[in-house]
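These are the structures, in structure tokens.
Each of the two complexes below includes chain A, the first together with chain B, the second together with chain C.
Here is the complex of A and B:
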């Protein structure tokens, strides 16, 4: 069992983002349907379909989360953020009925992350969104945990393909724990092994030479 | 849309989840810094205009560019920081001498950082456990015996053990050697720990 030497900055919890987390940076790249509530002069070129020098008030645009967060202001009308389909009433009912059915990778892949971040924009449905996201997690967690603890040395792609990023990370953590335990149980805990990092570098080098 | 190059840098790193270090993207970082400079200058000019001519309707635009500046800053900072985390991992996985291929992937400042990190670690290790210091990069798995059986996976050459004897590490040769001498070579994939 390899102890990790490379420990990347983990994603933030709930509504917080970790500034240096690569995962959070990519999460905040997700696009949201927005509408400008004011005019943005001299930025017309950002909105590709228009040929005006400015972005007019009332323009509908898809903006990345980081920009929506940066521009949104509680007291002033700068930007309004719509809810993506997955967080709206229709889908919320589906999640309520059976959260295990949904392919969260297709609907996300950052379903929980984006759902938590949406709470920054004061939408009247915020408390329902929060409830749904939480209940969905609770509903699905059991299966994720069970499968991560009971699959050894098999192809896990079918189990993993419908999970969102957070669930995938949990699944991997579970697998890692399971493998360590197996290793220890078989008396291989003191077996010295080559560093997986070193082996991966070598594999890459061979692949590059062959190209 | 702004900040696309910056996010690309982050994506490139995130794809290598196992901690591998890709080549330093000098071009990429330069492009992001250039975009930041352009955004900053445009904002400077618009801020002056807003102040002197009272054009407060420029403020949303200024905020927009400012958000982009912050985003670029965040992406570059995270890119550089994550690379340092990977470089730090190299000290623990490879040892204090890095293979040339890996060194080529590092920029001058990163190499300097690696050297400083090595020194800090060495100083710290020397301060531990009395006179000789303690090598904490060893015994990362609980040791069961002082000597272990190893098989050589590739030709390495001559290898001297503590009592002065020289062992010839030829591919497929097997030896019974002190564990502490072999640990690093096993980690580097030169030797294989054989357990019966």
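Here is the complex of A and C:
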């Protein structure tokens, strides 16, 4: 069994993010195209391409998700968020046709996470986005399952490179189940091996110290 | 769960051995929740009142039922000969394999721990079991067929977004191999589905 020096917090898939999850923290760094609805006084220096001291109304900017979520408020109309390319109608048709062809890692490694977070911003296409995200997951499930359960001791990088981060976590779970079964079947489970924690500390063995 | 833990649970199954030593009845702690057909207390054929944890008496040359963990221990100390269970036979396993391949559902297995018992008995007592290699191959074929069926049913479960599924006659080892993957993907699917509920149909307030 693999032991880790801490218990990693899993990402909150869906509309809630887990505060302590590293995957969610990295997800919130993804940029969204936004348009300001009011004037941001004396913040012109933040945006490098503007010469005015204020950010005028209607400027298009790319803001990270954490900033957009914080500033977004329906009543005060501070910000309006547009959909990134991958979630728009054109790409939605592609996903509907065949989700397996798409390289989800290139399309933003957090396709499912970002798709769920976009639902926070009131947008008329939200229900279609939610449907597409769900259908893409279901469509790609078979391939992820087959590839994770059938590969043994081979280089998995070709299979993994087209997967989104969520699917990569599932792939690893499948692989670990398979590997521990194979290890048991070959009798290696009863061999004592050094724990990964101890190896990570890089304790010097006695023979090395004495030399 | 670790496969080694599943193997530990499997070692509670009973198997017949022929000892080469003699020993009186030994009294171990028995469990009333044992999955054998024997009731907790019963009267044996020679008239003794037996409790489930009791083993023996051991007489050389006479077969006796013991749990697998004890059988392996005795075998390693060369104190017994293990009699293979009646299902561990080439013709029987071939029949089971053919039936498994024909059916879409899972067929009942001769033992709920067939995989673990095969591995344990064939590793430690292959000299007592005739045609051990063929048996190993047959059991592996049966395993592969069942795991493939499990994956198919998991795939149809996810694709049709069912709420629950019922699978009969699965053994613990098969469940254990696919547990982590299936649970995680079903969790993800559930969370993506609750997104739909917030924004799919009528606009609902936030649910807590």
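The rule is simple: the second predicted complex is superposed on the first by the 193 of 211 C-alpha atoms of A that agree within 3 Å, B and C clash if a C-alpha of one lies under 4 Å from a C-alpha of the other, contacts with A are read in each partner's own complex, and residues count from 1 in each chain.
Rule of thumb we're sticking to: a residue touches a chain if its C-beta (ideal position, glycine included) is under 8 Å from a C-beta of that chain, and two chains touch if they have at least 3 such contacts.
Values in this document were obtained by computation on a predicted structure and should not be read as measured data.
A.B. asks: Just to be sure I read the superposition right, which of the two partners does A:189 touch: chain B = first, chain C = second, or both, or neither?
C.D. replies: both
A.B. asks: Regarding the shared-chain residue A:38, is it in contact with chain B (first), chain C (second), both, or neither?
C.D. replies: A:38: touches chain B, not chain C.
A.B. asks: Between chain B and chain C, whom does A:124 touch in the aligned arrangement: first, second, both, or neither?
C.D. replies: Neither chain B nor chain C is touched by A:124.
A.B. asks: Touching A:7 in the superposition: chain B (first), chain C (second), both, neither?
C.D. replies: first
A.B. asks: Once the structures are superposed on A, label A:20 by its partner contacts, choosing first (chain B), second (chain C), both or neither.
C.D. replies: first
A.B. asks: Both chain B and chain C contact which residues of chain A?
C.D. replies: Overlap of chain B and chain C footprints on chain A: residues 189-190.
A.B. asks: Which of the residues in chain A come into contact with chain B in the complex?
C.D. replies: Residue positions touching the partner: 3-9, 19-23, 25-26, 29, 38-43, 46, 64, 66-67, 70-71, 78, 188-202, 204-205.
A.B. asks: Looking at the complex, which residues from chain B come into contact with chain A?
C.D. replies: Residues 1-2, 7, 10-11, 13-14, 18-20, 46, 57-58, 60-61, 63-64, 66-68, 70-71, 74-75, 77-78, 81-82, 85-86, 88-90, 92-94, 99, 101-102, 140-144, 148, 179, 182-183, 186-189, 192-193, 195 of chain B touch chain A in their complex.
A.B. asks: Please name which positions on chain A make contact with chain C in the complex.
C.D. replies: 1, 12-15, 112, 116, 119, 126-127, 129-131, 133-134, 137-138, 141-142, 144-146, 148-149, 166, 169-170, 173-174, 176-178, 180-181, 183-185, 187, 189-190
A.B. asks: Where on chain C is chain A touching in the complex?
C.D. replies: 2-4, 7, 119, 123, 147, 151, 154-155, 158-159, 161, 173, 176-181, 184-185, 187-189, 191-196, 198-201
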